[in-house]
Structure formats: structure tokens, C-alpha cells
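Here subunit A shows up in two complexes: once beside subunit B, once beside subunit C.
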Partner chain A sequence: MTANNTAKFRVGDQVRIRVGVPPTHFRTPEYIQGKLGRVQTSWGAFPNPEGLAYGEDGLPAQPLYLIEFAQTDLWRGYKGATRDTLMIDVYENWLETT
Partner chain B sequence: MPKVHDRGGWPNDDPIDPDEHEMEEWERQVDALNGVLGDKGLKNTDQLRRAIESLDLKTYESLAYYEKWTAAMEILLIEQGVMTKEEIDAKMASLPQDKK
Partner chain C sequence: MAENGHSHGDNAKYYSLRAQAMQALLIEKGVCTLGDILTMADQIDARSPEDGAKILAHAWVDPEYKKRLLADAASAFLELGYDLPETSPKITVVENTDEVHSMAVCTLCSCFPRAIIGRPPAWYKGLAYRSKVVVDPRGVLKEFGTELDDAIQVRVIDSSADYRYLILPKRPAGTEGMTEEQLAKLITQESMIGVGLALSPEAVKAS
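After this line comes the complex of A and B, so read on.
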């Protein structure tokens, strides 16, 4: 982990997950793409798995965040409690301001 | 339709089997081999994931967890020129049936 001084978002910020399905490796599942979430934790920056997956160095490191979603926003006809949330790590290159 | 590994994108009502099972010896060996390849700089976790995701749907669905790792390690070792597919196939063909 490297210094976190480049993180663009702060805890509590609302973000939208970028929509995209590159043919290459990425770790942002489609069920959260286009959805609104909130930054729960800022983890710091890590080598980007989208480069590491091909033997590259993954630099520059990408800030990584724990993002919280309302389950009712993710699943049509969600039957659980309305307060249910899902938290998932998302790299900054997948986050958009709202 | 999300890619084969993006399971959250394929909602259905099928029950999830939460049963634990003891790791079998071959599974421990695959896990150990994966660790050795990592220590030697021949692969990292993201490469393994990328290789698993490259399996076609039919193969992906037919393989167990550590079988997917095995298939992915084969892809990566061939890709890096450590072994050839012919060498692996020849070795497999030479093994007795119960070792395959």
C-alpha cells in the first residue's frame, strides 16, 4: 500500500459506478455498474489489478474504496429488509462524481 | 449477459449449498503449487483470476474450484513459455488412468 494522498473521494461521498465491460480483466461486477453508492472506507492506493492481470506493474497505484449500496437499488424486486446494504471494494477508475 | 465469473449478474432462486467439505489431497497440492508459482514470480493472483475468467462457459461450469485453478495455471505456464501444451498432453497420456 502506498500513501493515500491522491484519493479523489472521501468517506461519505456519493458516487456512481462507471458502466463498462472491457474485454480485459476488471473487478467491478456488472450488477453495481451505473448504480449509486456511498464511500464507506478509503483503503489507500494499490497496484491496479487491470494491469497486474497481464504481468504489468499495475502502476500508477489506484485508490481503492469500500462502497456501500442499498440492496433495493441493486436487485429488482428485492425481498429483504429495505435497510439491507451491500459493501464492495471498487477502484477509483470506476467511480464517477454525482 | 455478464461474463461467466460475474455470478452476481445472473440472479436466480436456486438454493446455495453452504456445506463445508474437507480439502482433498490433490486440492492441497494445487494450492501448494499455486503458492510456489507465485513465490517464483511466475504468476500473481490477478493473472490467475484473468486466466480463470478466460475459460469458456461450458468448461467453467464443469470444473470444480481447484480444477479451475489448475486450468488457469496451465494457461499461464504455457503463455510464459515455461511448458508447452504438447509436453503437458504427453505427460497426461503417460499417466496411469487413476492418476489423471
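After this line comes the complex of A and C, so read on.
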């Protein structure tokens, strides 16, 4: 983890997950793409796995966030309680402002 | 959960050969040495759910330690003599409470806090668990024998990046006065993944 003063989003910010299925390695599963979530934790910046996967240095490092979603926003007909959530780590290059 | 989504048994030979081929290539291309691979395997095999249970039981009896563990897991692990290897991803501890119950999964592969609790169980790596728990976590809990009231928020954590999540289960009722060693026996691998609760003292006595 490197010092990170460049994180664009803050805890509590609403974000939208970018939509995209590149033919290369990526860590943002399709089930959260296009969905609205909220920044739960800002972890600092980490080398980007989309470069690391190909032996590159993954720089510039990407700020990483733990994003929380309402389960009822992710799945139509979600069977659990309305207060249930899902959290997942997402790199900043996959986040859009809303 | 018995079914794995795909049968490892039939493919064991194929996967073993593939792993050997990848290992040979990594060494040949100078990505790492055989020593590196063996060291990492040894580091993972040196840990088991008992190690995690020991740490988490300490958090149950020492509220100040629990605070440190939740704030900075790596330093708190070190206090008890658990030094995370440099190659280990970050680990963070998430507390289950009367209000929130968290469960961990890796939908992409099999990310797991190996440096503290060793290798994941087979079902954790299987497609059945990985695809169902995000959509129907309460259904998965039920399959593992736990039914939670709707008043408790169920929170799935999908570890897809640089952090691994270790769940600190809720301390069961009726455990006042138990020693740290006795408490550690209540903390199962399943409870540290969040697919179940810590065992009750009665359940341990019965087994």
C-alpha cells in the first residue's frame, strides 16, 4: 500500500460501477456493474491487477475502496431482508460519480 | 454443501498436471524459484483454523485487544506471535454482532485469509457456494444450519482485490467464565467464514 492522497471518493460517497467486460484480466464482477453503491472504506492505493496480471508493474497505483450495495438493488426478487447488503472491493478506475 | 459445481475428483489428475506445468514454466521463465513456491506452500500449511480461533478467542476476552484487532489486524496478529508473510494479502477482521452478520466469499476465485487460518475448505472454492451466497446468503446460512431473524442485517463480503476478510463470530451466550482455551474450541472454520455461528458450549460438550 502506498501513501494515498489522491483518492477521488470519500467514505459515504455514492458511486456507480462502470460497465465493461474487457477481454483482459479485471476484478470487477458483472453482477455489480452499472449498480449504485456507497463507499464504506477507503483502503489506499494498490498496484492495478489489470497490469500485474501481465507482468507489468501495475502503476500508477489505483485507489481501492470497499463499496456497499443494498442487496435489493443488486438482485430483482431478492429473498432476504430489505436491510441486507453486499460489500466488495473495487478499484477507482471502475467507479463513476453519480 | 456437498456438491461442488464441478467434480474435482474426476479432474484431479488434470489439475495436478496443469499445476506441475505452470510451476515448471514459472521457474523456467524466472518469475520465481522452486524455493519460493515451497516456502509459500509451507507458510499456508503452517496455519489452520485453530490459529484463527486462538486469536479470535483472545479478542472475546480482551476488549482492548479486540479494538486493536479490528483497527489493524496485522499488528494485533503480531502481538500474539503471528507474523504475516510479506507475500500475504492484507487481512482485515470484521465483527459479527447482534445487528450485523457478515459472511465472506470470493466470487472470482478462492481468496481466503490463508496466512492466518490456512487453506479454505473445498466447498468455499466450489461454484455452488460462490454463486449462491451473493444472491441468497440466508439460504446458504440455512443449508449450514443457521437461521437468522430478518432484524439482523446479513452482509456478504466478496473479496476480489487486496484484502482478505476474517470474521470474528459473536460470542455465544452462556460462555461467561469459560477460559480462553475453552472459548477457542467454539470458534469453527465455518464461523470464521460467516456461514455459521460459533458453537454453543452445549454443542461442544455433546461432541
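One rule holds in what follows: the second predicted complex is superposed on the first by the 98 of 98 C-alpha atoms of A that agree within 3 Å, B and C clash if a C-alpha of one lies under 4 Å from a C-alpha of the other, contacts with A are read in each partner's own complex, and residues count from 1 in each chain.
The definition used in the following text is that contacts are C-beta pairs under 8 Å (C-beta built on N, C-alpha and C of every residue); 3 or more make two chains touch, one makes a residue touch a chain.
The structure displayed is predicted, hence computed values, not measured ones.
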>> After the alignment on subunit A, I want to confirm one thing: do subunit B and subunit C clash, or do they fit together?
In response: clash
> Is A:V11 in contact with subunit B, with subunit C, with both, or with neither (first, second, both, neither)?
Replying inline: neither
> Just subunit B (first), just subunit C (second), both, or neither: which does A:A53 touch?
Replying inline: first
> Where does A:K79 make contact in the superposed view: on subunit B (first), on subunit C (second), on both, or on neither?
Replying inline: second
> In the superposed model, does subunit B or subunit C contact more residues of subunit A?
Replying inline: C
> After superposition on the shared chain, which partner residues are touched by A:H25: those of subunit B (first), subunit C (second), both, or neither?
Replying inline: first
> Where on subunit A do the contacts from subunit B and from subunit C line up?
Replying inline: 29, 31, 49, 55, 75
> For the complex, which residues does subunit A have touching subunit B?
Replying inline: 21, 24-25, 29-31, 49, 52-55, 58, 75
> For subunit C, which residues count as touching subunit A in their complex?
Replying inline: 31, 90, 107-108, 134-139, 150-163
> Once bound in the complex, which stretches of subunit B touch subunit A?
Replying inline: 2-3, 6, 8-9, 11, 44-47, 49-50, 53
> Residues of subunit A touching subunit C in their complex?
Replying inline: 1, 27-29, 31, 43, 46, 49, 55, 64, 66, 68, 71, 74-75, 78-81, 83-91
